[in-house]
């Protein structure tokens, strides 16, 4: 009788980013301030990736950084801003320069597009977007959405095209070496998005033993079958938050927002915190242990 | 019951707006809100007349009982004593589009006289002056909630005859237009601004003055609006906050994150 | 400041069954041997309900009992049998008598029909059923499924009509008085089915304090907003199983199967275990505490 | 490697069928199975040549490592050391229709020469002799898995020229028919019976004899089939179980629930 060797899908953050070719299409996980793949965004900037297309519901500093550094040229999304503070500063400038195009959907439409891709069907139906410019106006998709008459009820239904990006990038609570991932708290659209990608890279706050996962299989949010690569990436969403792990660093977020209002400010931020540091660990050292430890979630609160 | 109303000068306009929002929520209702004033309004409602209101945040928090102010709709703070923490398809799809949401709160960069909303572009679609955040879940909420409360500042450039971009559907071009388009929800029912409250004429589906905030004149309202507002004969003054409401409200946001303390 | 009074949605099993009018349409939860609403089936038989339409993926003794007692006249489903043993004996007879009609779908089609109903859209797309009699032949639905050409890819896609039954009946692990339900182990199609019903009745092995639920909101499978009634119903799936609670009683299942091969045998079973006992508690007493306690799950195994 | 094959009489036909099923699974593959022989076959594969095969059961158990025999596809036993326990849309929708399943195992009450399957009615659709269990997830599996293994008993009334009802799509009416119908999966690749193994001719998509079980004659096979079987010139004998396979197989089902002990 044969014991199954545990598959080891672990690679480094650098190796993970190297997998993404220029021009690739990515599902980008996290929602709002929760679990954005921030460290992965930094590494894509360090490796000077270009011309990516990013699919997401609503994202914030993470995609603003990708925009500022000219990593992404197209977005299909529903929302971007720095919530509670203001408009995302780099995206504004890059749109004015013509360096970025955005195809607008709603959050539900995007989440369903990921579900449709994951389900292997070419579209999903929904009842949003009807009667609005979200259907009437398109930027670059030849067919952005179709309104059809339901063959059963006669009512109008919108079909939105499914998405199967080249890679799905998600940042989770914990994962084992085989790629079985748990996500604490809200899942946003990561459950669907992680299943939509042709290849899936899971970044996690911590790597846990596979027996821990297998002792509670109903806690698995993303099973190993979908996952190609696993990256251990503690504090990988900083300065944003991870449920049960750490809070956001509003001081850093506000500093980012203020400084990036000008191109020079953004260049300075990028040099100081991204391109000027060797890797994610050096970034964390720059932020400083004291600051990070203060942000740890205070049980029983998840923040 | 005799209400103990605060006097002009004892509350800020933002406080009044939050109180107006809270009063638009009935006890037991399912309320879909975002961060900012709507969150404060919903928290106030739950702590006053609507303790069994269920607050839903689109990131996945359902029946939230947050005790700290959240900066993001996905903020872990919103998970405190929630019924459930799931995801976007749950909140925007199963709960909202599934027909379970009584009232949704949204903001607007522009609205027109039918309550249509723009949160996407200012200026030309091809060469916009400002690119706004986009729909997010806004279009989903306005499409499918049974009624909608819009909270925004009252400015001529924001209340326009023609939107630069129609992000979320009010009554579109008038009566029956929502039904014809296939929309599920009831459409906008209330607009709360810093000057007044407005509702919608049931016949024409056009926006109509409902109450004027204390200390505000009709002329101020008309001077700051870009479309023809329906003004009924007798427009009452907005019911001011009670002292109880103010005390609770200030305890909800003690650091004045969304409602700065009166200067 | 007002403390929210906890809503109390608890009713008895008898009261819950009384809510179902003759002719009602039900989503029927559980899958295979896992968490069937068996006690609810018994009570529907005791109350002599008639002419129900039941929507489910795959069910077993529970719907065979509903068939034998003439409670259900129409099914829309994918599978019925007594797995590992044989064909469901009562359903066979009732079909031959013409007392029952079945509209056939696949398990995925049924699960998606519940998801569609729950999502408020009139249909869902899938890639099963193509080219087969599942599309070509219908029993009683005027429009069972439609094959369309995808407006984005040109490929063929099947649309199946969504289901919004009058009631959803689900049996779960635990629930609080407000209706927040947790389900251990597999969920089958209960997550979608519980959200599809116009009214929802949740039966549970145990009622727990709402603070227990609210201390771990990411464990909630069915939030209170969807739920109208809550019924405490320990051993409510016996002789089938509930993950983490108890195993199936194969001796009883085999006895059922053997005895119900004849109409007389079924009548005897029905009289002895269902109509001849006052309620669920009397049924459990009849089975006997010794027998039940032996079936309890042996931790760390969920069976 | 020299294989240590068991001799005729040392194994039962059901044991041979389980071994044939196991050998159809490659290491690392995602395998969709039901209860009964396919479950035993998949468990045997995992304990012999395919330790990293991932067994999926449609009720929601993914990458199961069950150590006890399950009677239901939703049996809690299947949750033992699984990667995940979720639900039907996960397994049949996201995993299977999503394109992640390499091989699916199904049974059949009837098959025709193109590998089309009936598991719904015997007799007339309006007045059937027997109402079978129906598709369950069978049609979903046969529609979308990359390849399909059918396990069934070899009888004339089961291998028919025309099905009473087409539940699950083989190659429909021949080459390119699956593609024309819009189906995603690769279709049937292997039929394991108590007499032989059959595969499908790549040109005509018709069923073809592949191997004959030890002790069985070609005539027996032809006598028990209701359609024209393609018989190649040289048909090898089915590779018998090894002693190692038999020992492991008997340990998997020690009480003979699915594979009764030799009488």
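Letters A, B, C and D name the chains as they come in the text, with residue numbers starting at 1 for each one.
Heads up, the rule we're going with is that a contact is a pair of C-beta atoms (placed from the backbone, for glycine too) under 8 Å apart; a residue touches a chain by one contact, two chains touch by 3 or more.
Because the structure is a prediction, the values reported are computed rather than measured.
Participant: If you tally the C-beta contacts for A-B and for B-C, which one comes out higher?
Facilitator: A-B
Participant: Tell me which chain's centre, taken as the mean of its C-alpha atoms, is farthest from subunit D.
Facilitator: Farthest by centroid: B.
Participant: Could you please state the distance in Å, as a whole number, between where the Cα atoms of subunit A are centred and where those of subunit C are centred?
Facilitator: Centre-to-centre distance between subunit A and subunit C: 37 Å.
Participant: So the centre of each chain is just the mean of its C-alpha atoms; given that, what is the distance between subunit C and subunit D in Å?
Facilitator: Comparing mean C-alpha positions, subunit D is 29 Å from subunit C.
Participant: CA centre of subunit B versus CA centre of subunit C: separation in Å?
Facilitator: The mean C-alpha positions of subunit B and subunit C differ by 40 Å.
Participant: On subunit A, where are the residues touching two or more other chains?
Facilitator: 119-121, 126-127, 155, 157, 185-186, 215, 217-218
Participant: Could you check subunit B for residues that touch two or more other chains and list them?
Facilitator: 61, 79, 85-86, 89, 93, 97, 144, 184
Participant: Looking at which chains touch which, would you call it a line, ring, star, complete or other?
Facilitator: Graph shape here is other: it fits none of the named patterns.
Participant: Can you identify all of the chain pairs that touch?
Facilitator: Result for touching pairs of chains: A-B, A-C, A-D, B-C, C-D.
Participant: Please output the residues of subunit A touching subunit B within their complex, sorted ascending.
Facilitator: 30-34, 57-58, 60, 77-81, 83-85, 87-88, 91-92, 95, 102, 104-109, 111-112, 115, 126-134, 136-137, 147, 155-157, 185-192, 241, 243-244, 247-248, 250, 297, 301-303
Participant: For the complex, which residues does subunit B have touching subunit C?
Facilitator: Answer in residue numbers: 30, 46-49, 51-52, 54, 56, 61-63, 65, 79, 81-86, 89, 93-95, 97-100, 144, 184, 248.
Participant: Which positions of subunit D touch subunit C when the two form their complex?
Facilitator: 35-36, 58-61, 68, 71-77, 79-80, 85-89, 92-93, 96-97, 116, 120, 125, 128, 130-140, 143-144, 165-169, 172, 177-178, 181-184, 257
Participant: In their complex, what parts of subunit C are in touch with subunit B?
Facilitator: 1-5, 7, 118-121, 178, 180, 195, 211, 213-215, 217-218, 220, 223-226
Participant: Where on subunit A is subunit C touching in the complex?
Facilitator: Residue positions touching the partner: 116, 119-127, 143, 146, 148, 150-153, 155, 157, 159, 161, 184-186, 215, 217-218, 300.
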